[in-house]
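The same chain A turns up in both complexes below, where it pairs with chain B and then with chain C.
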Partner chain A sequence: MRMVVAYIRRVFKILRAEVLVLPSRVAVLVFIAAVLALPLVTQDYYILRIMILTSIFAILAASWDLLSGFTGQMNFGHALFFGVAAYVTALLNLRLGLPPYFSIPLGAMGAVLAGLIIGIPCLRLKGSYLALTTLAFPIILMGLVFAFPGITGGELGLSGLKKLTGSRVADYYVTNVLMLVLGGIMWKITDSNTGIILHAIREDEVAARAAGINTTRYKLLAFCLSGFFAGIAGGLYAHFMRLAGPSTLEVGLSFQVIIWSVFGGMVSIYGPIAGVFILNPFMEVLRIFLDNFPSLPEMRMFIFAALVLLTLRFMPEGLIPWLRDKVESECPRCKVRNVFFRRSCRICNAEMT
Partner chain B sequence: MLVDILIDGLIKGSVYALLAIGFSLVLGVARIINIAHTALYMTSAYLIYVGTKIMGLPAILCMVTAIFLTILLGLLIYNFFIRPIQEHEAAMLISTIAVGMMLQEVFLMIFGGHYLGVEPLIGGYATIMGVRVTNQHLLALGLAIIVLVSVRFFLMKTRTGLAIRSTANDREVANLMGMNVTGVAFVTMAVSVGLASIAGAIVVPLVTVEPTMWMHPLIMMLAIVVLGGLGSIEGSFVGAYILGFAESLVVFLLPNGSFLKDAVALTIMILVLLVRPEGLFGVSFEEER
Partner chain C sequence: MAQSFLEVKNLRKEFGGLTATNDVTFSMGRREIIGLIGPNGAGKTTLLRLISGILKPTSGSIKFKGKNITGAKTWNIVNMGIASTFQNMRPFRRLPIVANVMVPCLSPRAMKRGEWVKKVEAKAMDALEFAGISDMALEKASTLSQGDLKRLEVARAVATDPELLILDEPFGGLSPAETELMAKSVARLHKGGRFGRLHSEGPAMIIIEHKLQQLMKIVDRIIVLNFGTILADGPPDVVVKDPKVIEAYLGDGGTTCS
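Let's look at the complex of A and B:
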């Protein structure tokens, strides 16, 4: 009993000393609480559906950030991982009858395999070459999907998968808790030694190699990790929509992932997640709003593109880093972040400029 | 069959060469991966459609006006949305994607998703080795080759062309030698957009005009630029004809060809990259740091 009390006291101490002092950390806490509490407020079928898809895409965007943001391996074909995992999951579920909790991890392993296969030729390439080459793989695969409709279902895709879980609320908790956990894991990876090495590869690959790091191995690791997380998103999508179609491999989806991530703010994991959670529900609200004016032409995507263009015009770092720099500032002496209105640093008491 | 493939491949190759050369110029000089490049090609096609079909103006006038308007639009986009965020590569990339999407949506709003067409500039057909080839195809081929030759002349023989090539080669040294790098970037952008809009004007009678017509050329163009070596004009030229012929061979010979045309072109690109990671004509220069 006393241990429990001591433990709770410690949690409170950490909360007061480390979390509540910074607005960004409070925002993360509020976000997690809001995600977990949403079904208590509303169980509307449509709202939950939007939030489920949002959380699936958040996993996808964060996994793109792990590869392209942190490691600097610009990937224009991230839909490949998503699509491969969706198709593998669908085939395993339909042909072998595996339940979702087996088929989704196996589908993700399929995406890891895809990451290895494309990683090996791509490791020789850098920068723009790499970006434009990775764009090719999902398109090649899509061509194959259309050319062999017997296995892949062609244009219609594979449909009739088992449901993810029995009910919509359970679906919501599965996808959103997974999103929070996987996001946390990815954030921890970027904070670990491996993450620092990946960061070093992005900043200066030659210097990293000179420091004795086998950059090839670490880049391949980044491809596999990113493929795994994106693959889980793909598997969840296939089971939730009960469909794996060619839309999961489209160029549009690859571009969409990049737009979400850069809009939210690259190289931060939380940026892309926030980007998806802002843009995706916004698009749905816009759809409902525009449905009230049936005389207007279809202008949803136009508004989306204009919004992204204007945001990046004035905040090229992305939305979340921009906001963060507005409410927090870095101590000039000890590099700890502080709330913007503090006169002196909360750790070392140095004067903030 | 053979002549069909030959003519089709030559036209496709020439159009892709126009697009890819423009794209490589901007990539070399201003370091912009301009995804909206083929969207501007589409813009010129739509402007010609408006001019000839809706306003009923003569075709030649429409083509010239469309090319000028597209260049103006390209320069405005460059000045207001791309140049201010030049330091941020990712943001610049997304901005060009967003511009492409916006143009697509604008045309979708105005014209709907209908398949539109423009009448050929000249009717009739010629018979080459027993195969009928429409005069429009021959005209398109001739125009494309004339433009390609004059671009070559412009880049190799004029002072502006020299400035463009040297800025692409080394931006900083060009700046130190007293060249106006920003001005060169503007000129390059104008030439590049001009080439895209000429390509649009040339092919508009041969293709269906619709809001997603920029996607397929975009993918082919990116493949060509990587295949030929980034920033290399000769590479883009050779790569364009290789992939143009590959595409028409696949479409004419394979049963499910039109589904596989992208896949085959991109597989060729990846195979070449496995052997030569810097592309066919690329030079592997020192890493920029």
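Let's look at the complex of A and C:
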């Protein structure tokens, strides 16, 4: 009993010293709590469905940031990982009867493998060549899907996968907790020494090589990790929707990922996650709202585009970094972040200007 | 040179129709410190980039400690012990200075060499200390002055603990006082010893410079490059009196006077 009390005390002490001092950390804590508590507030079938898809897309967007945001290799075909994983997961489940906890990780590995076969020749490409090539691959794969309907189900896709779990609330917790854990892992990777090397590669690849870094290896590492996480998202999607269809490879999805990330704030992992959690539910609300006006079919995409463009016009770094700069400022001496209203730095006591 | 530490043979690099280095041949010993001079466009930087593997030669060969490194990958060459700086500084702009230097500290060579220093950050700080910019460790590289960027270049190169260090105009953009300081640190590094937790055996050096006066004080051999060919090679006092060298420099408008 005393140990439990001591433990709780310690947690509170850490909370007070490390979390409550910074708005951004409080925001993360609130976000985690809200995600975990949502089913206690509502178990509405439709709302949970939206939030499950949101968490799956959040994993996808964060994984894009890990590759494109951090190493600077713009991937315009991120749906490739998502789609391949969805199909492989579906095949493993339907043909071999593997349960989700095997079919999804294996599907993700399949996505990495496919990515490698296609991606290794691309490693030398840069800039717009890389962008165009990455854009093309999911489209080529979509052609393959239609060419072999016996295996892929053609236009209809593969349906009838086993459910992710037995209930919608359980589905919600599986996808959302995975989103939090994988998001945490990705953030930790980028916050480590490996993260510094990825930053360096984006800033100046030649200079990184001249510093003795095997940049090819690190780019490949980022590629594989990113593909794996995106693949997990694809597998979750297939099992949740009980369907793997050509829409998982669509160009639209690849662009959606980029829009979410750029809107939320690239090169941060949390930015893209926030971007999805804001934009995806917003789009659904908009859909419901606009359904009252059936004469305006194209308004939804228009409003969406206008919103994103306006945001970027006034917050070029994305929404979250912009907000963060509003509520936190950097100590001029030790560069630690502080709440904006502090007069002196919480670490080094230097005067904040 | 009895021992073949670095052997460059008939090294040639052509950019389209332009021959930047024209069959350059020289060798140097483990303890040497060489000044590489020549008028603008003589091919000095090109020669450096060929040795560091950033450029692949059209023909010719480079041997380092008996191994052929012609056309090898830049990172492999660095990890074998050849570090170099960029004349037109290439920092990782959006990273803090200390992170800039942590990158070379994370190279396999640096990790193996300074195993006793647990924290990569501490290693990076030692290199910054050596270059004299440790007080700016947390500033973003984009905020540095030209002179400090030069020092950052040197810090990054030193961080891999090289056996051969090639500096491209390390005094460029520095004030006379700063130049003096940089020259002193470079000479001190060449002798070897302890710099914080950084223990250096003292790398051999090739220094590309236009500021000849300061260069002459620290080097014991000078190679003069002109139009991609070696014009002269010998002790500083002999080379500066060479009529061919004087002519090349006067023809270029007298860059010697700096």
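Just so we're on the same page, the second predicted complex is superposed on the first by the 342 of 353 C-alpha atoms of A that agree within 3 Å, B and C clash if a C-alpha of one lies under 4 Å from a C-alpha of the other, contacts with A are read in each partner's own complex, and residues count from 1 in each chain.
As a working rule, a residue touches a chain if its C-beta (ideal position, glycine included) is under 8 Å from a C-beta of that chain, and two chains touch if they have at least 3 such contacts.
Just so we're clear, the structure is a prediction, and the values are computed from it rather than from any experiment.
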Superposition on chain A - do chain B and chain C clash or fit:
fit
Could you tell me if A:Met299 is touching chain B, chain C, both of them or neither one (first, second, both, neither)?
first
Output check: A:Arg209 vs chain B and chain C. Expected answer is one of first, second, both, neither. What do you get?
second
Return first, second, both or neither, reflecting whether A:Ile197 touches chain B, chain C, both chains, or no partner chain.
second
According to the contact criterion defined above, which of chain B and chain C contacts more residues of chain A?
B
Tell me which partner A:Lys335 touches in the superposition: chain B (first), chain C (second), both or neither.
second
Taking the superposition as given, does A:Phe146 touch the first partner, chain B, the second, chain C, both, or neither?
first
How many degrees apart are chain B and chain C as seen from chain A, counting from C-alpha centres and rounding to the nearest 10?
80
Rounded to the nearest Å, state the minimum C-alpha distance from chain B to chain C in the superposed three-chain model.
7
So the chain A residues that chain B and chain C both touch are 204, 206
Of chain A, residues touching chain B in the complex
121, 124-126, 128-129, 131-133, 135-137, 139-144, 146-147, 204, 206, 251, 255, 258-259, 262-263, 266, 297-299, 301-302, 304-306, 308-309, 312-313, 316-318
The chain C residues in contact with chain A across the complex are 52, 54, 73-75, 78-79, 83-84, 86, 90-96, 99-100, 102-104, 106-110, 120, 138, 156, 159-160
Would you tell me which residues of chain B are touching chain A in their complex?
27, 33, 80-81, 84-85, 87-88, 90-91, 93-95, 97-99, 101-102, 104-106, 108-110, 215, 219, 222-223, 225-226, 230, 256, 259-264, 266-267, 269-270, 273-274, 277-279, 287, 289
Interface with chain C, chain A side, in the complex: residues 193, 196-197, 199-200, 203-204, 206-215, 334-335
